[in-house]
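Here you go, one structure.
As written, the chain order gives the labels A, B, C and D, with residue 1 at the start of each chain.
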Amino acid sequence: MPEHLLEVCNLSVRFHTAQGPVQAVDNVSWHLDRGETLAILGESGSGKSVSSAAIMNLIDCPPGEITQGEIWFDGQDLLTLSNERRRALNGKRIAMIFQDPLSHFNPVYTVGWQIAESMTAHDRPASEAWARAHDLVKRVGIPEPDQALRKYPHQFSGGQRQRLMIAMALALKPDVLIADEPTTALDVTVQAEVLTLLEDLQAETGMGLVLITHDLGVVADVADRVVVMEKGKIVESGTPHAIYHTPGHPYTRKLVAAAPGKGALRQPSTASEPLLSCRDLAKSYGGFDALKGISFDLMKGETLAIVGESGSGKSTVARLVLRLEDATHGQVLWKGDNLLTMSRRDMTGLRRQMQMVFQDPTQSLNPRMSVHELVSEAWAIHPGIVERRHWRDRVVALLEQVGLTADHATRFPHQFSGGQRQRIAIARALALNPEMIICDEAVSALDVSIQAQVIDLLGELRDRLGLSFIFIAHDLPVVRDFADRVLVMQAGHIVEQGKTQDIFNAPSMPYTQRLLAAGLDPDPDVQAERRAARLLLANS
Amino acid sequence: QDSEVTIVLSEELDLIDPCMATRSNIGRVVLQNISETLTELDVRGDGGVMPRLAESWELVDENTWRFMLRDGVTFSDGTAFDAGDVVHSFERTQSDANSCEISRYYEGIDMQLTAVDDLTLDIRTDPAQPIMPLLMTLLTIVPSETSMEFTRDPIGTGPYQLTEWNVGQSIRLERRDDYWGEASDVSAATYVFRSEPSVRAAMVQTGEAHIAPSISALEATNPATDFSYPNSETTYLRIDQMTAPFGDVRVRQALNMAIDREAFIGTILPDGSIPAVAVVPPTTLGWNGDLTTVDYDPEGARALLAEAKADGVAVDTEFMVVGRIGNFPGATELYEAITAMLTEAGFNAKLQMVEVAEHEQFYSRPYVEGTPYLIGAQHDNSRGDPVFSMYFKYHSEGRQSGVYDERVDALIDQATAATGDEREALWSELFALLHDEIVSDVLLFHMVGFARVSESISFTPTIATNSSLQLSEIGLE
Amino acid sequence: MTELSTQHRPVRSKSHRMLALLWADKFAFTAAGFLCLMILCALFGPMLLADAASGQNLRARNSVPFTLDRGWLYILGGDALGRPLLARIVVAAQNTLMIAAGAVVCSLAIGTFLGLLAGYAGRIWAEVILRLADVIMSFPSLLLAVIVLYILEPSVANLVLVLAITRIPVYLRTTRAEVLEVRERMFVQAAQVMGASRRRIIFKHILPVTLPTLITIATLDFAFVMLAESALSFLGIGIQPPEITWGLMVSQGRAYLTSAWWLAFWPGLAIILTTMSLNLLSSWMRVALDPTQRWRLEMEKRNA
Amino acid sequence: MKQQIGQRALTSLISLLGLVVLVFFLSRLTGDPAALFLPVDASEEMRQNFRALHGLNDPIVVQFGNYMADLARGDFGESLRRARPALDIVLEAFVWTLQLALITMSLVAVAAIFVGSVAAFTVGSKFDRFASLLSLVGASAPDFWVAILAIVLFSLQLGWLPTSGTGTIWHWIMPVAVLFIRPFGLILQVVRGSMLSALGSPYVKTARAKGVKSKSIIFVHTLRNGMLPVITVMGDQAAALLNGAVVVESIFGFPGVGKLMIDAILQRDFNVILAAIMVTALAIFIMNLLIDLSYALLDPRIRK
């Protein structure tokens, strides 16, 4: 047997819960060679994150338990090493990019300090560490790196944090990089840059990359090999080409079939009155203008997608509309009333009509409440929607609609995978039967099959109840399938807005054109061609 | 160096003004160490009033005393001592610009001090003061330059002078070389303050201090170092005869009979405490040795009560036994037990322990209205003459008196004006009247104090140790 | 992913589940047992032993502990008036627990409430409340006691009042500090989006996070209050002999510390044990109420 | 920031003034100092004289006006008992108290944070149990027990330390140690609880993935996150020390502000009470200001 860079053999992980043990990873084996990119595809909650946590010695035992298996790295079984020796490997030889970038940053230290720490922890001098941190932050495309290093995590946008997390993981040029959904919050142009960065590093140091992703396009673009997981087990493995074109396992087939961006474009219903209008909405943080005066309308029953550069102010729009933060100036009109000047009490009354799914699901769920409590809280706040005795059934129904099961209701948020948490958040938003939902990257952590299920659900609600959506997403194929109109943002401005059809077929602004051109195709063959063309373009 | 001693007192001194020397801790530092008096009471022998700054005295006429002062005495600031200083010292105690405590002993007396010459002093009084030499044991002499306000730099003629005062921490006295009298052994004394009795005792034990003038009885376990001394305090329950049911003598008798005094001695109170028959200690002039304590007789008490009840006395009236928290070691226990004994004998008694300020309200006129009460108090008279106690405690107009009896008033007035044997007899008569006939109060105990003295020095505490501590009496071994 | 336990355990009642979690922590279980015993003493002690506790017997004064010569009530020795300490401790439990619980619960409730208000309501409110806390913090409790003693009647309720007021600031400030941080968390914003009222946000989302810390402080305050109470009885406010509390017993035993240690020791031990039990229970509660920590108890239960 | 501090200074001044007014009037309701200063058998005339000397015969409003006028000139009045300016007395004592508080609190901070953090990190271990129990016993034991036992042990039996007093560094050891115990126990518990919550946070996972040493995970990453309640409670304990550690001061003969204040209150030495309260209140106000500012330093999310 040839020596692999990293080899996982027969790994099983089990969690203890109040309802009994949960087998999160079940007899999983895979390996990674030097310079290779292994993509792990899989259903949300299938054990991808847990198995990588096992490699990094991050599973709390108890309540977790590695029931069997070996993880070979550098000729030694990691599971038999002392904690201290594993610590020495972590970050230096094996690094990891976490799925939820916000919660995985320490809120009270500057990002510069945290990035530098990944080096100083391994005895690099501080000055060198800061210099490299500066360099890395620039490489991942954060503007004004000097200032950025001195800022705190909460001052960055979701995508920016994700990139900072990547910078942190790359600091010591590890031999193995485990990237858990590293591009879920990145727009395609930045995503392309990040993927190129990873490839460059691979070429430079022979780094092995384990890429956990749900994005078939990314797989098609960079993966050398693919393993597919479902319910804790590996169900299939092979080359991207083989997986895409001749999927063997039913789950894989479902996955490939569910790849978005192939359906018919929606024909928006003809104009009705605007439900929500933003007029010259602006927000500045200290001296920095995050939003520079934007105006748009959302019609009743319409889905307005906001796409755009990471850090361009998309989430800020959402926060301002819901008055989670005060706008610097501008108006937000809800059925003609200005939300921004409304009294707190009137606002509370309106709240139930508008809901939001936050970009960071982990942080938006109260860790002390069970799923049942989280979802049913809406009804406790607004009595009269669902009678108390129906709560249990209704919660179960909602959970099932988003692809979870009834016995998840008694669990707590920390016992879920990233994608599962996102779905809990969606279920919670739906519980109130609102008129408008703002989805901030609401489906970005879901595997395509679940994503399709959720999108279908949202679409159905839209058609049946006339729900309106503001759909913030980076995933253009999903937007293409789901949105009526698209609004493209860059650096706090709206650069272009129009019907989905128009934007996708005939983008007028150069940024939009670039965005569309950077899209990845799930078919490895197609993607290989695009890639070749792009490289050619870049080299010329 | 070796002849320095450290004395640990129970609380910090607010002031070191000589005119406050009647306060026990101030007195221990000041009296006869820094400041001297014209006369001094002999507490070790029975010499009575002895000369100090006055060499002799005589009665010039009924109302005038003449004191011949000692020559060649200087104050620690170098000025010479003369009769003018005495006059000033007295005037100072009477001044409005301070609140000197000594003045209370001269209250109600019209006193005229005149310096006949430098060393001769006449004191004219109205009414006559047969005990003027005794009264002069209280007047500390300061130089005539001393301002009327309280001073923090006491100057005196005593064998020691104040050299250091670290507020809150220590006071240091050093021996004067130009003292008129005999030089004493101790060259310097440091006073420190600890409010915890066990710490005071421990300090002598570890050698950090040489004398702890008051430690608790419980700590006094080492016969080699620990001395008990009568501390001139007497505890008693004051009865206000104006309030029912205490107007009836049988009730007062019953109160006395209900209390088992012997049971307290050696238990809650240390051995050496004496059941009291008067409010002043036995060393006082006119002490009546014929009086005996009332025997413990709960049955008799009950019988008396029944008798009184039959006569329509409201013996069932609820009353309070008011005690002062922390008045003396074991105070709460003592009053608790007394209350229990009273209840046992059929009284409707309830205990109420109060804090100093409140106690004062109960104790002094005008008395607290409402529920009748017996107030537990402790009275200190180490001055050798009942005059310092009797008016306050028993005269119809006394501030703490519960007795309203013309015979008593008359006796007090007579005795105050009398001298010699007559005085003694009158006091004796008064004690008997109060104790046997009027049953003026529930007298409890003459208390004892305990001092711990290091084995490296020789010093025997006396009844005066509660109010003064002469460094010259300390010998070094 | 497979659920190994396909068939669910029967859903047990909430209290039953908590009991099981309590059983899992043997220290906490013992603590709970001890507290129950104390509560029983408080409820029935005065009824059963009041006479024994107040009956004086100077011959049994300071009688040594651990002999049965004078009967089992004297097993812990006798006090300065020869009253059996065991009986007195049992009888004193009522007053002691009533005062301590009254003071601690009041200060905890008021302090927490004001702290939440200061942390979550407008600036002006916060400013007023916080300055109030500053003022209370700088106001010596003894002075407060003297004032209360003079202006109001000395009574147990006033004693509780004094003790409660002086302890308010710590809860107030701690709550506010925690609220400042917790309210910035995203789940609070999520609740806001759902239209949750302030009250709900405060009590449902913020309070549970801050409560464990407050309870930890409160348990130790229990001891503090029991001892402080005796210091105030020195001023004549509140409990006075012949009524008893543990604090009073401790301070009465103070003079005998070097000669008859048991006088102060047993009531002191009762205070320590009660405090410790409360604290163990609060530690247990911190774990049992925190879903991310609860496994510690659940696992132990399984291993046991 | 500057403006904020300015505003804070203003409101603090107002509350200080309020405190003075409150104490001035309330304390004068608590009885007559003449009765306490003068012996029981002092005449009414002496009492009048005493009151006149200290202006206590004026109507209370006039007294207040005079006091405030003097105060405006920086004159805090004379002590009724000591014939000295009240402020001098208080400041002398406060220096001692401040030193005692600073030394004690620094030791407490270091020790409690260290032990508490390690206990939280090794939750359930022997170390954790032992540290918790020991600190709890210490924190709930009556302080005079500890003080007197320490004297008996270290001074009488072993002869290592002086019983009491001031002077050398040895004199500080026992008072500081006794004062140390309660805040140590309390803060240790708060640190432990706070850290326990913080250690479950995802950023701890990140730190572990980065290969950060446990030591720095505990003391750098989580500690700062759990610090808010800790410094608040430390502030409360420090305030208690600044208000004076009466028991320790009186047992060990430390000339601090606690004993001074108690005496002043018991003797109704109004000017000293007021001066002492103003000085300690100022210290407490400043301390609370520093604590409030440190919240924002510790947690950037609180900066607004």
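In this text, a residue touches a chain if its C-beta (ideal position, glycine included) is under 8 Å from a C-beta of that chain, and two chains touch if they have at least 3 such contacts.
Chain-to-protein mapping (UniProt): A = Peptide/nickel transport system ATP-binding protein; C, D = Peptide/nickel transport system permease protein.
Because the structure is a prediction, the values reported are computed rather than measured.
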item	value
Between the pairs B-D and A-D, the one where more C-beta pairs touch	B-D
Distance between the centres, which are taken as Cα means, of chain D and chain B, whole angstrom	39
Chain centre separation (chain A, chain D; CA means) in Å	51
For chain A paired with chain B, centre-to-centre distance based on mean C-alpha positions, whole Å	88
Whole-Å gap between the CA centroids of chain A and chain C	47
Junction residues of chain A - those touching two or more other chains	154, 414
Where chain C touches two or more other chains at once, by residue number	146, 149, 184, 209, 257-258, 290, 292, 296
Junction residues of chain D, two or more chains touched	30-31, 144, 148, 152, 200, 266, 299, 301
Pairwise chain contacts under the document criterion	A-C, A-D, B-C, B-D, C-D
Touch list for chain D against partner chain A, complex	200-203, 205-214, 216, 221, 224-225, 298-301
Partner chain D, residues of chain A touching it in the complex	53, 56-58, 87-92, 95-96, 98, 100, 103-109, 114, 117-118, 121-122, 152, 154, 168, 362, 414
Residues on chain C engaged by chain D in the complex (per definition of touch)	27, 127, 130-135, 137-140, 142-143, 146-147, 149-151, 169-170, 173-174, 177-178, 180-181, 184, 209-210, 212-213, 216-217, 220, 222-224, 227, 250-251, 254, 257-258, 264, 268, 271-272, 275-276, 279, 283, 286, 290, 292-293, 296
Interfacial residue positions of chain C with respect to chain B in the complex	54, 56, 58, 61, 80-81, 146, 149, 233-236, 240-242, 252, 255-259
Of all residues in chain D, those that touch chain B in their complex	30-32, 35-43, 45-46, 49-50, 52-53, 79, 81-84, 89, 92-93, 96, 144, 148, 151-152, 155-156, 159, 162-166, 250-253, 255, 259-260, 263, 266, 268
